[in-house]
Amino acid sequence: MTNLAQLFFDAASLGGLYAMAALGIALIFGVMNLVNFAHGEYIAFCVFALIVPSTDAVAVMLLGRAPALLLVPLVLSLGAAIAIASEYAVFRHLRRADPVAMMISSFALGFVIRNALLAIYGGRPKAISLWPELNTPVAIVGADVPLLQLIVILTTLLVVAGLAGLLKKTRLGLEMRAAAENFTMARLLGVKANVVITGAFALSGALAAAVALIMATQTGVADVRMGGQIMLVAFIATVIGGLGSLPGAVAAGFLIGAASVLLQAFLPLDARPFRDAFLYSLVIVCLLVRPQGLFVPASAKPRV
Amino acid sequence: MSKLGVFDISVRYGKVPAITDLTFHLEEGERVFIAGPNGAGKSSLLNAICGRVPTTHGRIEMDGDLLTGRAPEAIARLGLSMVPEGREIFGSLTVEENLRVGTGIRRDAEAVETDIEEIFAAFPILGERRRAAAGALSGGQQQMLAIGRALMTNPKLMMVDEPSLGLAPKIVDQVYDTLVALQEERGLTLLIVEQSSLRAARVGGRMVLMRGGRIVGEGNAADMADRDALAQAYFGNTQPEAEEVA
Amino acid sequence: MKRLALASAISVLAMPALASDITVGFAIAQSGWLEAYDTPAATAAKIRIDEINANGGLLGRQIKWVEADTKTDRQQSARAGLQVIDEGADMMVVSCDYDFGAPAALSAETEGMVSFFLCAEDVKAGIQGVGPHSFSGSVLAAVQGATMAEWSHAKREARTGYVLLDTTIEYNKGICTGFDWMFPQLDGTEIVGRDTFKNDDASIASQITRIKALPEEPDVIMLCSYIPGAASAVRQIRAAGINSLILNGSAVDGSYWLDATPDLSGFVVPVQGSIYGDDPRPEVETFNVAYEKATGSRPASSYAYPGYVLMDLWAKAVERAGTLDGAAVTAELEKMKGENTAFGPRSFSQELHHQNAAEMQIIEITDGKPAAVDSWTISQPVPLDVLLN
Amino acid sequence: MPSQHAQNRLAAYSTPLILSAVLLAFVLLVVVLDDKALARTAAEALVRVTLVVGLWIFVGNSGVISFGHAGYMAIGAYCSAWLTLKPQSKALFLPDLPPWLMDAQWPVFPAAIASGLLAALVALLSGAAILRLSGIAASIATFAFLAIVNTVYSNWEGVTGATSSVVGLARYVDHWVALAWATAAIVAANLYANSASGLALRATREDEVAARASGIDMYRHRLWSLVISAFFTGISGALLGHSIGVLNPDSFYLGITFISLAMLVVGGIGSLSGAVTGVLLLSLLIELLVRAERGITVGGAEFALPSGSQEILIGVAMIVVLILRPAGLTGGREFKLRLSVPRIPLSQEPTSTN
């Protein structure tokens, strides 16, 4: 049967991707109760930024040609930029609106970004040659792991650790964690709402960009729909993890990734196409058992 | 010029009035209690001053600066600090982190460190548990932490909403002792919502009595406590006239 | 840019329409993701129209066209169909994809009008899913899968096969159906395993792990998917060090996505004609050049060709019937057996308005370079009951 | 002597009258213009009215956002296909249907009712679990429900045809049929909203804790409203199927989920009038933009929007509306007739509608 180590690497790489996306959603939800459905489009936007805008079938690399040392920070800041821009253009004007109106506007914003990408790049998926040298397998603890997969796992760990450090060790991080838990109280202590919200959007956008880079490297394609599925899983992960809990979002992201890989590995062939039905049934069970989330902070109270 | 001036303000929640045409002043270094039954508008007044709820009418000034219309963080930066009802500490943050949230507005980095140590000296239990999650503290400890947190912004005016709520009388004594000591030490101006006029009388200071969103009496806490007792004897336990929104 | 170039190249059509003109209605996607498939095929159809007009027209009349955008939306498709009918269409060309073309085609069917799917490869795109006047210009997906099975067995000694099916759309299942029908019939073959995935899966690591767990690497992997999922799967398969020959359907044709897996080798695609300039039939290259003249670039994939073929076949049938009447034209189309086109012979029957066998060019990618290496026609047509299973 | 109370009730019941009259006027206009594509647009808009009004019965009254209603649509649509398709074509494409269903060939109207009932039954079962949750956890659970329905219907080869479309549905839904169902949905929605259960449920929407304290069994009322809501949503699914003619699970997934929620929120989630307004205005705007893409003549000058700009502009329009009117276009108010009966003096003390 399948090698356990291999299974572990599969689960960790997929879970890591989900965890990063979930973190991006949870950050914004924490500070402004916004379920940002445009997050998937941020991912697509960052992937498309790698190539020259054109409806031609053959993609010409734009940012993608830059050396990694330059490319990574560039794409991360681009992700941050589109997130900040969307906050500035849309969500800033909706701070007093109820979460439903905000959610629907985020969906409308995603719709706008997606269709703009379609109009600019055409409907045909594009190929992206990002770091092809990563396409070599390496042997690790008895498993034959593509270098790519290792890098995905390492990147995830780095990003999560980096973000944890940022949240734990910096002034902005402290303010964001405080704001995520109780936004008004943080403001009463002089924490600037605009700074925290802009910071959260910037980080969230940068996380989307990180996911975009990993997906582009992993799949080698750019497609407008590529962020959608991952965004939905991430959204679910933030709720299962406990709304407002950043560690919860990460843990739940890994959990969903692992569950998905295990189902794929152990379901019989006939049931395998129904994988997602099993996965989402587990989600409902989780919610019924722990409506407040699996990993809720000690002081959590219902927020919505 | 008084420390804090509230001129003719009104606050509404939807169609329900919480405060109607209220005016009052607070002098530098003063200690003022606001007393009154549930729904009198006490918390609403504090929330209006700190910018948490908008006023529909009137203006509020501190040291001549207009507070009305400013964001809560801007008001905090002018030197006003709040210990809210229910304490609202950040449960997932550590005790020390709670204290540091409000220090972003200060320019004196070294003083922050000594202030933190001072607070730990004043509340040794907080010092012992400085790395523990604040959510795990007991109610009294959380109250201390909320006060410490408010102090860390280095305020000129501090507002405390119902510090005795849900605490054992012995703990409440301790909280008030600390508040009074701190005030004397730092020259703070204190505005405290206290439902028990007897308690206010015991601590001492000026007292403002609210009812139905208006001020119905004002004077020395000790005198007022008697009058309040009298009034309650007359009117019974009055029904809340407006929902108090935290 | 492209559209402008096309418009000027076919400037004849810019002339005001005469009352006696024949009108072709295009109810196709001009926006949304399907646009990438519809536009090239529709362009090819217009090139054929242009040629016919230049040769004196059809039944002595010029052909003009009207267009309506389905926006890659089913409801908009139905409306677009009605719109081109209102604008006087005599036949209707609908989207490449069955689901998005059918609502428009059904409107044509209601009017008894002939409709052609640009490049749908599902058996439903025809009598079975629309009605007796509906046709497709392309070759059934199952034929592509069967071609892969027979060719790889004959030319590459494929004996063990692994089937990797992307369950997202019906086209993929059609490819696998053809492979599953043909491969086990051949000598000494065995399907050693199968698995499924979804096109938008962020990773197919566990599917790959299962392949790697096999005692021996399979000779061929039948990958039933489309871009982008297929490109992503190939990249991950090769990254895992699996070197089996990868077989595909026509949907992955085109070098535009090859950057996804640089220096790819051992990757085979069956197509109706080669876009790479090396097709053994000169007519194909003539078309490629005409296409480049009209649009400014060569076709990005072989999916442009069916548009040309369908217009060619329909015009011939109209010429033979001497009328535009749907029933008469359908009858003439159904008489076609091995009718010659630039892209090989085509047949229709009263049971099937689709190609259940066809000459396919075999494109193999070696070191990232695609080239036509062979040509193959399956030894027996795919039976209707296999198609309808 | 009608009290103000009775008058308020009358005014409340005037809402469906006004809304139906608006829809009727809309259809009559289309009939007068005699344009096939426009008539189809109208029929589609009216099917969407049925859907969004169905959605409103649950979302508007309970305040819980549901992402799961497209699932009920799918259930209704496929049910109608099972009941109305010719047995021969079912034997060919859906071979695993049970014999009694295989042989069924119902007329379209009872099939539509049955579709609604099946969706309602599934709502009863799924809601019994999901509605134990509230707030965003409930919303996520409804989404998980949708994903489950979609996965099952996309892969249940012999029964739903999986990703292979179900074909041959009678395309009987024209603007009159759609108008009839839209009106029925509006009337039912209004009756429910003004029933004891509807009023109780709306009280929970305003303040869950207080409503619980006053003894309102929120769970039961939510479940009840979900069942009614799913009935009309299921029917709208059947109508959609019989309007396109081809069924694919993909039609009943995220696209329709979001567009229906967007129409509801843009119109105003708080009122039935908002639900109808949202559908009509957004449908109208989409149609205008589609026509503008095709090219329109303004003052002798021909101009056309570039292809694909309709989607971008409709998204922008939604955002602008929500920024300017976060509570939706109607702001949660109903269209009501102001019934004044001058001969009878109004009673002095203010009374509320409950």
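Just so it is clear, A, B, C and D label the chains in written order, and each chain counts residues from 1 on its own.
We adopt the following convention: a contact is a pair of C-beta atoms (placed from the backbone, for glycine too) under 8 Å apart; a residue touches a chain by one contact, two chains touch by 3 or more.
None of the values given here were measured: they were computed from a predicted structure.
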| item | value |
| --- | --- |
| If a chain touches chain B and chain D alike, it appears here | A |
| Closest chain to the centre of mass proxy, which here is the mean CA position | A |
| Most distant chain from chain D, judged by the mean position of its C-alpha atoms | B |
| Of C-D and A-C, whichever chain pair has more C-beta contact pairs | A-C |
| Cα-centroid distance, chain A relative to chain C, in whole angstrom | 36 |
| Inter-chain centre distance, chain B versus chain C - centres from mean C-alpha coordinates, in Å | 74 |
| Distance from the mean Cα position of chain D to that of chain A, given in whole angstrom | 32 |
| Chain D: positions in contact with at least two other chains | 154-155, 307-308, 311 |
| Sites on chain B at which at least two other chains make contact | none |
| Residues of chain A whose C-beta touches two or more other chains | 118-119, 228, 273, 276 |
| Contact pairs between chains, per stated definition | A-B, A-C, A-D, C-D |
| Of all residues in chain C, those that touch chain A in their complex | 2, 29, 31-37, 72, 167, 194-196, 198, 200-203, 205-207, 209-210, 212-213, 227-228, 231-232, 235-236, 238-241, 254-263, 297, 300-301 |
| Interfacial residue positions of chain B with respect to chain A in the complex | 50-52, 71-73, 76-77, 81-82, 84, 88-93, 97, 100-102, 104-105, 133-136, 149-150, 153 |
| Chain C-touching residues of chain D, taken from the complex the two chains share | 35-37, 40-41, 44, 92-93, 154-155, 162-165, 167-168, 171, 243-246, 248, 250-251, 290, 293-294, 307-308, 310-311 |
| Residues of chain A touching chain C in the complex | 1-3, 6-7, 9-10, 13-14, 17-18, 55-59, 118-119, 122-129, 132, 134-137, 144, 146-149, 215, 218-226, 228-230, 261, 264-265, 269, 272-273, 276 |
| Complex contact set, residues of chain A against chain B | 171, 174-175, 177-178, 181-182, 184-193, 245, 297-300 |
